[in-house]
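Reviewing the structure listed below.
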Amino acid sequence: MRSSLARWASYGATGLTLVFGTALLVSFVAQSLPVWRHEGLAYVTGSVWHFRSEQFGVLPMIYGSVVVSIVALALAAPLAVGAAIWSAEYLNGRNRWWFKVPIELLAGIPSVVYGLLGVLLLRNWIYELFERFEPLSGDTLLTAGVLLAVMILPTVMTLADDALRGVASSQRRAARALGFTQAEGVLRVSLPQAAPGLVAALLLGLGRAMGETIAVFLVVGRQDSQADYGLRSWLEAGQTLTSKLGSSETFLAYGDPLHWSAIVGLGLVLLALVLSLTLAAGRWLPETGLARNRRA
Amino acid sequence: MRKWIDRGLPIACAICAVACCALLLGIVATILARGLPVLSGEFLSAADGELLGSGGIRYQLFGTVLLVATALAVGAPLALGWALVQAVWVRSQRGRRLLRRTLYAVNAVPSILFGIFGLIVFVKYLDWGKSWLAGGILLGLMIVPTIAVALVERIEALPAKYVRAAAGLGLSKGRIVTSVILPQCWSGGASGALIGLARAAGETAPILFTAAVFSGVTVPHGVVESPVLALPYHIFVLAQDSFDPEAGAHLWGSAFVLLALVLALSLLALPLRLRAAEEAQHG
Amino acid sequence: MRRTFALLVAGVLAGVPAAAALRVIGSTTVNPVVSEAAAILRAEAGLEIQVDTAGGSSGGIAALADGRAEMAMVSRPIKVADRQRFPGVDFRSTTIGADALALVVSADVWSAGVRCLSREQVRGLYERRIARWSEVGGPDRQVVFFNKEPGRGTWEVFADWLYGGVEATPMVSHPEVGSNEEARSKVASTRGAITQLSAAWADGVRTFALGLCETGLPVAHPTRAAVAAGDYPLSRPLTVVTDGPPVGVARRLIDFVLGGRGQALVTRHGYLPLSQANGEGGHP
């Protein structure tokens, strides 16, 4: 009797969650159909977004999302992997616990707080630091990337730490027995053994950076079409998929079916990018660990 | 050469580790230094004033608590059900893997997409306008993976002999769930829930279009057309206006309160969470 | 079980209609006045008024048409295009004051001696043909144009004045800003910056409102006196808009804003009260 009730309730809850998940996917596909019909593939390859003339090209936003995520990863990865090596290879249980406390807390800081710090501090630092390159203002793709680097640091660090600690201690002992120093053991045994997990950590960090909205919105400058796609554009204002979705254009599009579907389409593109990164990471890291990925 | 590497590597790694901690310290110190002077009993208990960004944050705080409580009420049962299905009821490895993968996929969905989804479902389709319930449901769905994964980890780490012993006593599987598995694993669920709540409390993107307004709202009377104020949204709006000193003080005070709330929830979860991680690691 | 209960409670609550709250959405230029009036009416008369600025003037109009709001704050005249887009809505707009829209620049541009721009120069700046301030008598620094988001009343008034209409405005790509506060704070913190902004928001310390100068004509400064006299071309009405004649809470809010205390709020925020606004303020 109780068995069937508990079972029924569990399956009911799971079913409900699945219904919501499916509804999310379906609504993004269905509601973006008009813009796919209107633009075709040019929706993702077009580089002009101008809703008044019904031109919807998402390439600048994809470019912006990719640039900020790559900058974030390039800055966060060395720091995170270094800290993870320190934690996994050099600290013993008790000390490691203490080291993990601030990392866990860092992971908990809301993105709007990062955004606030970005607006009030980072924006000006970047502006002054790169003055000789004449950045347009402090709101640049680079600013967003640096801010994101701090935000994904705990995610990458925790996952890298898990990956390194997943290397069997017998492997380490064997390395020592072969006459490796501790550092050599880390470089020649632990890191290669943990490589798949580290790759997964980086992919998930990239995914998280790509999905982050609020902090990026506040510092990215929100300029729809890039003047160019060179390195120079990193020091100019840009737009990401998420900053566009979070902008007031979402409200403005609300009543216009085509414009609205163009906005929802941005979400579909974002979903496709983030899910493929996550699935790719899942191939590298099939068991646990993915769970620790924090949502952007 | 070997000697240098052997010395250099730990130093370099330690520098990375110290830098990570320094970042946290720097962020907390910055918010603390600017937010603490603003903080007072009145700031917490007064409603916002006539001028934009003046007065207190009473209803912003209330709105955030309401959203978070709703998220818990929605997310916890769903996550509990999911975790039991994945870790107890489904026996085939393939089924479990499929469920786990699905959970990770849901976990990866960026929060802004929950916001847009909410706009489509609650605002457009159900015609609720902005509503606290819509925000709570979205935040609740968002934290299902966090809670469920924590629970599943705990259930899977449960020594098999407990379950065998209970089965030996002739208990049904439902009985084993309620009297063995849940009592043993509640801490996993609780820590997951706390982390999830910390996340829900700090989220802006899901409530941007669906639940929060900037001013003029107190306690909602119903569901339809019943938005709330919320701390993250308040900070988000004021952060775009980093100029007015009056609003600035209000802004840092709000940021401090939000950060304190979120860090307190994370800290509460920490002992449970890290202990579980250590146990899982050492089996 | 708990979930079923929660759903049940939600169902019961959903059946109870919210009290007759007035929802106001729209322009950040009009917002300070309406927000403060709403706060006073909340405190003194217990009226329930929600004010939000998502999407600016056009966002407010869309919200009014969609039934997401009972009142829109609009910092421009209602246009034929609005009526065509939402034929089912009976737009009733009430002017509560007037405002000068100015080109506002950062301190370095101002202190280098730029005091006014001609329409042709503004076009050049907007279309990025003029890339450095030295071309219009300013410092040797690149021009950073913070463009108001599409849909903001400020932007539409600017487009009407400069190009004679939103449709005729060329497509450009600039960093975008939303609210007036955001525009002001970004101009203040960026060298070589310019934006379209209500003159009342320029503080004269870090942000400065330029005049408009055409050859052979005296410089028109965006002052209240010039707007009142009809000498400044870029002025606009500040309005609140309802669907049909305002009733109930909307009526009371409008009455308050049009009354002495409400008009004092208009003045306090640097806008022109109705008594000086020349009917609707001489908008283009």
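Note that the chains are named A, B and C in the order they appear, and that numbering of residues resets to 1 at the start of each chain.
In this section, a contact is a pair of C-beta atoms (placed from the backbone, for glycine too) under 8 Å apart; a residue touches a chain by one contact, two chains touch by 3 or more.
This structure is a prediction, so every number in the text was calculated from the model and none was measured.
Here the chain-to-chain distance from chain B to chain C, counted in touching steps, is 1. With every chain reduced to the mean of its CA atoms, the largest distance from chain A is reached by C. In this assembly, the C-alpha centroid of chain A lies 35 Å from the C-alpha centroid of chain C.
For the pair chain A and chain B, the distance between C-alpha centroids works out to 17 Å. For chain B, residues that reach two or more other chains under the stated contact definition are 77-78, 240, 242.
The set of chain C residues touching two or more other chains comprises 1, 3, 178, 189.
Looking at chain A, residues 9, 13, 16, 251, 254 sit in touch with two or more other chains.
The touching residues of chain A, counted against chain B in their complex, run 1-7, 9-14, 16-18, 20-21, 23-24, 27-28, 31, 78-83, 85-87, 89-90, 93, 97, 99-117, 119-121, 150, 153-154, 157, 165, 181-184, 186-187, 204, 207, 210-214, 218, 242, 245-246, 250-251, 254, 263-264, 267, 270-271, 274-275, 277-279, 282, 288, 290-291, 293-296.
Taken in their complex, chain C has these residues touching chain B: 1-3, 6, 10, 13-14, 16-19, 21, 23-24, 31-32, 35-36, 38-40, 42, 48-53, 68, 178-179, 181-182, 184-185, 188-189. Put simply, chain B touches chain A in their complex at residues 2-3, 5-10, 12-17, 19-21, 23-25, 27, 30-31, 77-82, 84-86, 88-89, 99, 101-117, 119-121, 124, 141-142, 144-145, 149-150, 153, 172-175, 177-178, 195, 198-199, 201-205, 208-209, 232, 235-236, 239-240, 242, 251, 255, 258-259, 262-263, 265-267, 270, 273-274, 278, 280-281. By the touch criterion given at the top, residues 1, 3, 54-56, 58-59, 62-63, 65-66, 85-86, 141-142, 144, 146, 149-151, 166-167, 171, 173-178, 186, 189-190, 193 of chain C touch chain A in their complex. Residues 48-52, 73-74, 76-78, 123, 129, 133, 213-217, 220-227, 240-244, 247 of chain B are the ones that touch chain C when the two sit in their complex.
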